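In the two complexes that follow, chain A is the common piece, with chain B as its partner first and chain C second.
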Partner chain A sequence: MLGYVIRRLLSICATFTIVSILLFIMMHSIPGGPFDATDMPLSEAAKATIMAKYGLDQPLYIQYLKYMWGVLHFDFGVPFQSPGETVLELLGRAWVPSLVLGGGGVLIGTPLGIMLGILAALNRNTWIDYVASGISTLGLTIPVFVTSMLLILVFAVWLDWLPASGWGEPKKWILPIIAYAAIPTATYARYARSAMLDTLNKPFVMVLRAKGLPERKVIFQHVLRNSAIPMVTVFLPMFIGTATGSIFVEAMFRVPGLGAYFVSSIRTRDYPLEMALILMITVMFCFAFFITDIVYAMLNPKIRLGGKVIK
Partner chain B sequence: MKIVDIENLHVSFQHHDGTIKAVRGVSLELFAGESLGIVGESGSGKSVTFLAFMKLLQAPFATIKADKLVLQNTDLLNVDNRSLSNIRGNIVSMIFQDPMASFDPLFTIGHQIVETIQVHNPMRKKAALAKARDLLVRVEITNPDQVLKYYPHQLSGGMLQRAMIAMALSCDPQILIADEPTTALDVTVQAQILQLITNIQTETGMSLIMITHDLGVIAETVDRVVVMYGGRVMEISDTISMFESPKHPYTKALIESIPGREAGKQKLKEIKGASPNALAPPSGCPFHPRCSQADAKCVAEMPELLTYENGRAAACWQVK
Partner chain C sequence: MTNSNTTQPETKKTNSSVETTGTLPVARNPLYYAWRRFIANRGAVVAGSILSIIILMAIVAPYITPTSYEEQKFLSENLGFPSWEHWFGVDDLGRDFYARIVYGARISLSIGFIAATFSVFIGLPLGALSGYYGGSVDWFVMRIVEIFSVVPPLMAALLLAALTDGGFLSIVAIAALFGWVQVCLLVRGQVMALRNTEFIRAAKALGGSHQYVIFKHLIPNSISPVIVGFVQAIPLAMMLEAGLSFLGVGIAPPLPSWGQMINIGINFMFFYWHLALFPTLALAITVLSTTLFGDGLRDALDPTLKG
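What follows is the complex of A and B.
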């Protein structure tokens, strides 16, 4: 197990390095630069000074090595679009709303989706199944900016129960959290339904029934537990996908989260912020898969104990 | 004493291509202490008959109709879930074809046997565990303490089928239904498992229903045979008479297709044609398209199961 953990950690380092090199090359190969404004152009001399200040006049590999040296010391530089703070300070500030909303969405959507999926599977081909599957299909197919718009229209404009947008008091969090919850709800409803049906069709379920176990025990002690294993594998990656901000939801509800910075950092060639955002996501996904694999192994005795067969 | 009485059982499944008529009017009975073989090829309805009997086929996909479906004094056509739970695993136990897939992979063998014991007998875990250990000893497992702690994937197919039998015996059932219990096992292990089942049946005096496609298994384990084909009963006979003087042309053809013992180049005999399509079964006798003796009557009309000497029965127009 320890060997496995070390191997995985090394492979995460390798992934990190490869992604950082590719990213650095791609980012700099886009024509133009951060200080090429067309409406109020800088003088040649001013531009040269500022490029030198940020080290952008040096060869690319020097820039890369300097950047990575900084990263090793947790120095991600200064965002060009907000030079008054460091990249880390900006991330710390902007990530809080995204984490609250996205995290809230996943924490509400996951149990809700699982419940819908279980209900659908246990009442397969009845109206309950059709309603649950319908909700899940709608959740996956209607774009989140349309859902957001509908939420604002119904709950803020028509009913006037909740504020339409903004950030600050918890009251303003409710609508964006619901909008965020749509994807995890829909995804989990589908996953849970198919995982449950998959387990229900296994021969051992017939054996459990044949030995007189009440249906309640068959479902709650055996079928659910077996179905949980495939469901576990989607949780962390989805959590990270959601909690790193949604450009659309944050724009619709005017939430000062991370989402908008993904777009603006690319558009304005804000190299330090762009690198930091994408590397952060890379590392988080790597660890999400890593932790998922370990949890998966712990839940599944076949992997936990290996396949030694006793005659 | 009659303990199972099935009369005119029909089982059909809803499929998007139409209705699959898996069992079409099966009648059979089982007496206390006897061993009954159900033989037939895949799709003959032999397993479905007993899954329906145990109410293991679920509405709305499966439709079960019968004139009689009785276990001892219980009418299984109108049974509530509680009595059903009490019957399954307690009065009637089942073992299935694939032991590897018959245990929940996430729980130890011990847990799964203890669970079965505790459903039917209120008993402390420690006592149940001791009983589970005794059961494993009884099915000739030499390292019962270890096996209790193993997960299904850690045991071989033969060991798992033994554990499965132990679990099936845990509440001293009156009937054991074995649905192709050796099909998924190595030939050497097959013989051991069959021997074990027969030994236990002799010791306990329980009834045995052995569902198989293998006439060899029938010859080794049962006293009486029901031959099924196309969802119908073709012949019922004691085992010896069936092998010596089969009445139904299908039974004859089955026995003839057993490979001979002599080495040599003789061609393996087969029954020409394929099993009937359960979506659209043939008219009349389901075997007529493959039967060498079939005539116009066989095509037109389904023969009834008629009784002959020594409690034998056959459903064929050609049997005189």
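What follows is the complex of A and C.
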């Protein structure tokens, strides 16, 4: 186990290094720089001074090593679009709306999806199953911004029940949270259904029923518990995935969160902020998969990490 | 090698003629069973028909639209609501919105198909090599796949699109860059499953080189996962294009892209809802029907892949 953990951590470090090098090269090959304004051009001397101040005049590998040295000390530099603070301070502000809305979506979507999946599995091939499968197919295939647009059109434009965009009062949170909840609901509806059906078809369930255990106990004490394992594996990666989803939801609902800052950093060529966001989410994904694998091995004694994998 | 090529069609013929013998079990082409399974899946058939209608509309777009997508012929009816003359209304620049939506299908579908083709071109050889050789080749390919699984694809795609200033070709390249992984994994799985089967070992025992085994046996036998990977890459590429165009780094105006139209539609939605609704519906219907068609095809071609 320890050997496995060390190997995984090393592989995460390697991935992180490769991704950061690739990103750094890409970021600096973007045509145009942050100080190339066309409407109020800086003089050559002023530009050179600013470039020197931010270290943009040095060779790329030195810039990279300096940057990574900072990153190891949690110093991601200063965002060009808001030079009065550090990247970490800006992100400290920006993650609140994303977490409230994204977390709300996941917290609502997960139980809802699991319920739908269980209902679908228990009522296989009835209209309940078809409705649940329909919802999960729609949620998984239709892009988030299309769902958001339809929500806005129906509830904000035509029915005029809820505000269409903004951040602040909880009333404005409802539509984005529903938009965020679409993917967890759909994912869990599908996973819960197939995990339940898998377990229901196992011989031990037949034995339980044959010995006369009430169906309620069969489902709640045995089938649900045994189907929970595959469902655990999706949770963390999906939760981190909402950070990516925030790009569209926040652009649609005009919420000043991580996604919105990422888009504006792309538009303003704000390298430090872009790098910091992509690197952070990459690391979070790495650890999400890592933790998931370990938790999975703990929950399921059939899996042995590192050595032989029994399937 | 030429010998095996010429004899193959004959064996197929004898296979299909077995049907007529009556008492013997009927042996037919596997594609026949795949077709039967596909036809039995009503959702997939409906999705496939809708998809074919959309493809047909995209092909004959100039004949079924009153104007081209960029002609500002109706400036006096600017922002007009849907009517008999303008089925989907007129947009903010005096262009027939129906024409723009139909031409939008061309952009969306062509990006989907071209990007999926390139995904196969990258994913098929990598998947076949890593599945066949295993060991360090497999390790190397899997590390690349691992990197792609932890980098947030949309963020990286946005960055790349900004880097290349968007445009048709760069969107296709970006979509292929993130689409090949699935094809690679599907092909790798199939090749690994086939690698130790008897006919492959027989081919090797008869002196078949690695190249011969891979190209003559393994890749032709991986055709189902390749088709599945291809069809499943299409909606992903379409969604990526729409998403990037929505955020303003994809297809630039005047070329019509549904994502871009949705973005413009937000500004008008409170008064001119049609500018937001129609591109949204067009995108949703196309992506949904392509995905359902792909899922149906997957279940039909290889029931073991069903997820």
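Here is the rule we use: the second predicted complex is superposed on the first by the 285 of 311 C-alpha atoms of A that agree within 3 Å, B and C clash if a C-alpha of one lies under 4 Å from a C-alpha of the other, contacts with A are read in each partner's own complex, and residues count from 1 in each chain.
Operating definition for what follows: a residue touches a chain if its C-beta (ideal position, glycine included) is under 8 Å from a C-beta of that chain, and two chains touch if they have at least 3 such contacts.
Just so you know, these numbers come straight off a predicted model, no measurement behind them.
Once the two complexes are laid over each other on the shared chain, residue contacts for A:274 go to chain C alone; chain B is not touched.
In the overlay built on the shared chain, the residue A:115 is in contact with neither chain B nor chain C. More residues of chain A are in touch with C than with the other of chain B and chain C. Contact with chain C, but none with chain B, is seen for A:262 once the two complexes are overlaid on the shared chain. When the shared chain is aligned, chain B comes close enough to touch A:204, but chain C does not. Residue contacts after overlaying the shared chain place A:282 against chain C, while chain B stays out of touching range. Look at A:252: by the touch rule set out above, it reaches chain C but stays clear of chain B.
On chain A, the patch touched by chain B and the patch touched by chain C do not overlap at any residue. Those residues of chain C that touch chain A in the complex are listed here as 143, 146-147, 149-156, 158-160, 162-163, 165, 235, 239, 242-243, 246-249, 259, 262, 265-266, 269-270, 273, 276-277, 280, 283-284, 287-288, 291-292, 307. Residues 125, 202-204, 206-215, 217, 222, 225-226, 299-302, 305, 307-311 of chain A are the ones touching chain B in the complex.
Contact residues of chain A toward chain C in the complex are 11, 14-15, 18-19, 23, 26-27, 29-31, 137-138, 140-143, 145-146, 149-150, 152-153, 157-158, 164, 194, 241, 243-244, 247-248, 251-252, 262-263, 266-267, 269, 274, 277-278, 281-282, 285-286, 289. Those residues of chain B that touch chain A in the complex are listed here as 51, 54, 56, 60, 81, 85-90, 93-94, 96-98, 101-107, 115-116, 119-120, 143, 146-147, 150-151, 153-156, 158-159, 164, 167-168, 171.
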